[in-house]
Amino acid sequence: MTGQILWAIFMPILVIIIGLIYMGLARKITARIHNRYGPPFYQNIIDVIKLFSKKDVANHGVMFSLGPVIAVAGMVISLLFIPIGNRPLLSFNGDIIVLLYLLVIAPLGMALGVGEGANPNGAIGIARALTLMLGYEVVLVIAAVAVMIHAGSASFMEIIRQQQGGVAHWFIWPLFLSALATDIALQAILGEKPFDQPIAPHEIASGPMVEYGGKFLGMLQIYHAIAIIVETGIFVNLFLGGGSLVWWFVKSFAVFFVALLINAVMPRFRIGQAFKFYWTYPAAIGLVGLIIVAIT
Amino acid sequence: MFGINMNPYELLAAVFGLGAILTYLLGHFDRHLKTWLTLITLALATYIFLHLPNEYSLESPSLLFGIDKLSWLFGILTLGLGTIVAFALLAYPELSPNFYFMFILNIGASIFLLLSRDLVAFFLMWELMSWTIFAMILGDGGAERGRAATKYLVWSAIGAAFILFAFAILAKSTNSFEWSGIVAGISQMPSGWRVAAIALLIAGFAVKAAIMPMHTWVPDAYAESPHPFTAFLSGVLSKLGIYGIFLAFFVLSARFELVNMPKIFGTHIFGYILAWIGALTAFGASLIAIKQEHAKRLLAWSSISQLGYILFGFGIGSAIGIAGALFHAVSHALFKTLLFLILAGVIKRTGTDRMAELGGLIKKMPLSFIFAVVGGLALAGIPMTIGFPSKWLIYEAAIHQGFIFTTVLIFAASTAVFLYYYRFVFSIFLGELHANHQDVKEVPFPIWFSYILISIPIFWLGLFPGKAMQIFAEIAEQFDLPAVTNFTATTITTPLGSFNALIVGLVFFASFAFGLLLYFIGGRTRKVHQYDTFLAGEADEPVKLHYGQRFFYFLERELKPLYRISVEKIYQFVAEFTRFVADQVRKGFFCGNAQAYLYYMTIFIVILVFAIWRIKL
Amino acid sequence: MAKERPPKGLKGWAQGRSLWILQFCTGCGAVELPPVMTSRYDMERFGITPMATPRQADLLLITGYLTVKTLKRVIRSYEQMGEPKYVIGFGSCTVNGGMYWDSYNTIKRLDLYLPVDLYIAGCMPRPEAIIEAFNRLIEGIKQGKFNGWIRYKENLRWYKRNQAMIMDIRKWSIDKKLAEEVWREVQEERRKIFEQATVPHVYEYAERISEVG
Amino acid sequence: MVSPILLIAVPLILAFSVPLWGLIHKKLEKFVPLIAFGFNTYLIFRLLPFALTERTISVVIANIKPPFGINLAVGPFGLFFALIIQLVALATAFYLLSYDPPEPSDKFYMLFILLVLGSTGMVLTGDIFNLFVFLEITSISAYALTAITKTGPAAEAGFKYLLLGSLGSTLVLLGIALIYGSLGTLNMAHIAHRISGMDSRLVVAAAILFIVGFGVEAEMLPLNGWVPDAYQAAPIPVVALLSGAVAKAGLYALARVLYTLIGMPNIIMLLLTFGILTMFAGELAALRQNDIRRLLAYSSIGQMGMIMLAFGAFGVNSVFGGVLQAFTHGITKALLFLVLGVMALHTGGATDMESLRGFGRKFPYWSMLFAVGVLSTLGLPPFAGFWSKLALIIGVIIDGHPTYAALALIATFIEVFYFARLLSVIYSSKLSPKLVERSIRNTTIPLLSATFLAAIIIAVGLYPNVFFDLGDSASRALLNRAHYIFSIIGHYLQSMGGV
């Protein structure tokens, strides 16, 4: 019990650091793809320290300040509900659907905070994010339902348990189409190109973040760092069979890496196109996968 | 009781009747007296309601009343939310005594509707409940209100006609007007008639429950009815339709295999159809809610969508599904009442519900904003509020029962909730404050106090869903339905997974503390004026940059093919056609020409002769 | 009140190693930035990366001449940035007007209006020069040498006065009260000069303006 | 027991005495109808306990027993209709106290009493020729009253009514002649007893003639062309009576003739079809009508259609619904017309919707009465209409005609539509410029009379027991043909050794 609580306290910090390193690696890898040298892999940690050291940043009100706080809190709670590296904390108390809803707390809190900023760019960013969400959530749910039906359970631990015993038992093989659909959805969930419309810096001045600077932005970076782990972690747990702590992070980085490669070479969709894209091809792939699962 | 030798049922009726009449008569003398009288009436009624004996029958016209767990649940919702809404009405002294009269009558009819145990009493109370709503929507008049009220009454008549027809079939086939007699006798009914009766009943109740395609009156009626009353209309009165559907679907049909219909995924096809209708309602209405420009209409479509969830839960028909649907009925009643009351407060202060004209009210009405967030969290189904366990149960039931495609629709609908809910709260409370609303004040005490009253159960049942589950289990037991029994005060367990509400709540607060810690680590901030935003260096004149209109335009553009599907077009066509025929009848048949009339008479005689010739005498 | 000093140590190091820039691409200097960003010079290896809004940025790049009209926006953007913040003047135009030395409409000396921490001379400066400037800035920040924003705060009235000479600061300043006050003073002064309007006076005033502008 | 003959005799005497009263004082004329119908109402209430017993008695005139003499066959069914007629007539007569009658006023009052008298006679008589006579009294006074204002439209309406009505009566007479020629009797019970022995083709012919003849008064589908014009042109109290009394009497005659005399289910069931058609025609015509008076006229046709439908279903449940609906329709329509008459006083005579827009804002009590009428017509609780419509629909379904019940329900949607529109216009917040502050006339008396009718509607709605009992015995009396025959001519049949 004490070990669990210590782990619960330690794990978010570990995940934040690892997540920031993921982001740094992402910049490095993107730079290498661009034939650049790129920043050091710990660049994002420096960024966060700098952001927290900044003073006198604009504050539009209580909700504006609470937005990033809730964003971090929401992500941390989601983190505690997914099993990381065979170390389940609270995932016995909630299943995939609970997690899907817990995942929403963070963006919702942030969206409310952004709203008080009274910057139309922020609102447009949120509107785009929500539209995109309507797009990918359908795909994600189609895939998740397939997994739940295949496993006969919505509990993460049960799903991971069924995938034990080597690569061949991973759900990615029987549920390949669902995994593919989830991976396409993941591209938008992670906010990578071609689905980074919500924060398109060239169109709407980084959208939701437009009014956030200093420590607020730092918290949003932390939020993003956890989000990457959580979101890739869902994929790892659903399709790649979890794994021990190191393996788990390796798998999760592999998932992230795929998204990164696509991100590095892609332009950006128009938001309408992105929405339409999700409701056509990935949804169709996922539905075919779902039907296959339902039949067999 | 009270030293009066009266049956509590009679006493309850007397309280409502006298309360209504007294409120109407004395309401003319004082602006606030009518509301206080209403509150007293409702308080007395609640007291009596909680002490009702099991059965009561009125000799003639022979009406039978009684109370069971289901009526108790819906009755408590009705009376509780009715009292809260009445409390909020303290801030609306300008409403006429007529309104209060109708309001009390309406609540009384609703309560007796829930208590009725025979068809005639049920239908009587149903009709009374229906037309008092019409009177309240019509209220002060105005062209739009008139149109909305007319539309409502016509739809209500259609619903009532279905119900009446089904009741008549049931009564004819079972030779009984009492529920118990019908339930006992229904298995002997010819299967075709049985299906027809249940289908008609569900269709009839669907009108009040705002299920597609019987929903078209809802946005208009909600938009035009008096603002605090809309909360009651959406929160409680739509639940009476749900109550009816429950009776029709479970009490009448669940006890036997419905005409040996083929089963799909373990559910008979009737339930499957119901689930599809519910899912399509939830999905379609939520997509339409996204593109509304008026906040009341937005919430109205949202109501339709949420009611679709409930029907979906009923359609699944498993133990979890029923519990989820009932739970969602309760949670929708609570949060939608809250949201509509908030909107009522906003409209009271600003005079508009057009979202493009609002904005930035968080600075002026922080309390309303907080409770709008509370209501929104419940609407969106965020854990810790009552909205989550109810939605979660429905999902679990759907996946467990194999309703895969409908589950996807339902999920899409609940994602759309975030879209329209954010639009609602952003356009009203966030963003830029409109120049006209610079000196708007917080809503008056009665209104914000009613927010608090509603928020308590929202959180309480959100953290301790077991309390509600207990009641649902008892209801299921009472009607011999499968019941969810695997729950404790905070945890619900289904075959698929489990959910511990309290732990989620506690962990959230821990995480929140972590977030706050981060907040306090960072450097100090500077409070800036709301116009001090980054606009590519542009200056901060009070410019209207509120992003409140056509919020999801890019989405609307993509969804255009879906929006083009509208059942309203069919109704429009029917209405146009009827008008055409009506004009033909009026101008063509009743032409005012005496020769023509004589000509008709001659033809009539000829027809009669031929008709009678054909009949075997 | 203790005098505010630029941060050193971990904070200074982090601030130096993570400079987020807001490019104010007013003039031709902007064309020199893409080579700096892309693979040849790759400024991201120093942690320097472009940002979209002043809220997020630490470094304001003025890449070329500023007309009075753009100056207003620049000042506003600068004031919206969080502290610490730095300004780099780019090219001769920001130093002394450069090729626009006799333009009626461009400002000649940027540091009359904003606290410039570093100038990069040249017309235009080569990317190498820009990288050199960034390196110096980073080193300086780490040692706590650059304190432009502190100067700006301490001499706010002076800056505002200079700004008020050529533009309506009331609309473009974040600190409305001070702007109003300074604006009234400047107007009063201007009115006095024009009241005693003799031709030499006006010439004198015009000279002063040209000196300022 | 009081003699039902007084119901006819007293008004008859009073009717012809109107000019004499006028000689004493012009104003006294007004009170004659009130006295006549007050007395009649009193009598009816005395007779009501009897109506509940389900017996039919024959009241012999001139001491010649049926089937040879003329008699009144007073049964629950007839008394029920007489009650409707008397209640409406009483309210209308009271309303007349403050009404400026068209000149010559003595004729007006006389015709007025004769109209009610004729209708009452129709529902009470046991002799088919007497039925014809009373029909003639009723309809001739109705023609005259329709045209009494002597304006162009009134004359035209009266003429149309006359044309159709007199043709109808002629056909009735022809039918009577057919029957009399075959059976040699005019007593209805006697005819009913012996009709099975008559040539069925002749019976059919007589039935057709009766349907057409009485159909005119009962506002049956192709014969009701006179209705909208007459309702619009006639003075308001007359209109109240036309729908409250005359139409009900026509309906009674139709039902009585078809059920008791002919007694063939197949022919009776023709009423189902014609009821539906009538109902749809009325409701559809009312849908787009802007003049409230015509609207109510069309609505009246629709309601009559619904009652006919109930009578056509040939079963005790549906007839029960039908008689209840006849009661509520009579009272409700009278109420609506009386209120409309007062409404017109506030707009300078205009009765179209635009002129009455916002009436409810200025005159809440009047429009409340109107709303009571409308809601009762729509069949909403706690008004009388709820019970009657409920009984009617359930009755028709229980008697095995669910399709027709469904059609009737569809017709009610249309009804709801235009009545809801009407209410929303009346309760509109926009005021019509034609509305005046105060009416030119003191409206206390109309108010009382309308309140009287509204009180009946609400009282029946809240406490429908007596109403149900009356309707129950009325409907069973209608269907119990043998009992009718036996009650009237039982002694004769016994003496003939029949039975």
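Residue numbering begins at 1 within each chain, and the chains themselves are lettered A, B, C and D in the order written.
Following the convention adopted for this analysis, a contact is a pair of C-beta atoms (placed from the backbone, for glycine too) under 8 Å apart; a residue touches a chain by one contact, two chains touch by 3 or more.
What you see is a predicted model, and the numbers here were worked out from it, not measured in a lab.
Asker: Mind naming the chain pair that shares the most C-beta pairs in contact?
Answerer: Highest contact count belongs to chains A-B.
Asker: What is the chain whose Cα centre is as far as it gets from that of chain A?
Answerer: In terms of C-alpha centroids, the chain at the greatest distance from chain A is D.
Asker: With centres defined as the mean C-alpha position, give me the chain A-chain D separation in Å.
Answerer: The separation of the two C-alpha centroids amounts to 77 Å.
Asker: Taking the mean of the C-alpha atoms as each chain's centre, how many Å separate chain B from chain D?
Answerer: Roughly 43 Å separates the two chain centres.
Asker: When the C-alpha atoms of chain B and chain C are each averaged to a single point, how far apart are the two points in Å?
Answerer: Centres of chain B and chain C (C-alpha means) sit 60 Å apart.
Asker: Based only on mean CA positions, could you tell me how far chain A sits from chain C in angstrom?
Answerer: Distance between chain centres: 39 Å.
Asker: Touching at least two other chains at once: which residues of chain D meet that condition?
Answerer: none
Asker: In chain B, which residues are in touch with two or more of the other chains?
Answerer: Each of 528, 532, 534, 536 in chain B touches at least two other chains.
Asker: Using the touch definition from the top, which residues of chain C touch two or more other chains?
Answerer: In chain C, the residues touching two or more other chains are 53-55, 80.
Asker: Pull out all the chain pairs that touch, please.
Answerer: Chain pairs that touch: A-B, A-C, B-C, B-D.
Asker: In their shared complex, at which residues does chain C touch chain A?
Answerer: Checking each residue of chain C against chain A gives 7, 10-11, 13-15, 17-18, 38-39, 42, 44-47, 49, 51-58, 80-84.
Asker: Quick check on the complex: what are the chain B residues that touch chain A?
Answerer: The touching residues are 360, 362-363, 366, 369, 373, 377, 380-383, 388, 391-392, 395-396, 399, 402, 404, 407-408, 411-412, 415-416, 418-419, 422-423, 425-426, 429-433, 491, 495-500, 503-504, 507-508, 511-512, 514-516, 518-519, 521-528, 530-536, 545-547, 551-552, 554-555, 557-558.
Asker: Over in the complex, which chain C residues touch chain B? Could you list them?
Answerer: So the residues of chain C touching chain B come out as 53-55, 72-74, 76-77, 80, 171-172, 174.
Asker: Touching chain B in the complex: which residues of chain D?
Answerer: 159-160, 163-164, 167, 200, 203-204, 207-208, 211-212, 215, 221-223, 225-226, 228-229, 264, 266-267, 270, 280-281, 284-285, 287-289, 298, 358, 360-361, 375, 378-382, 386-387, 390, 393-394, 397-398, 402, 405-406, 409-410, 412-414, 416-417, 420-421, 423-425, 427-430, 464-465, 468
Asker: Sort out for me which residues of chain B touch chain D in the complex.
Answerer: Of all residues in chain B, those touching chain D are 60-61, 120, 123-125, 127-128, 130-131, 134, 138, 140-143, 145-147, 149-150, 153-154, 157-158, 161, 164-165, 167-169, 171-172, 578-579, 581-583, 585-586, 589-592, 594, 596-598, 600-601, 603-605, 608-609, 611-612, 615-617.
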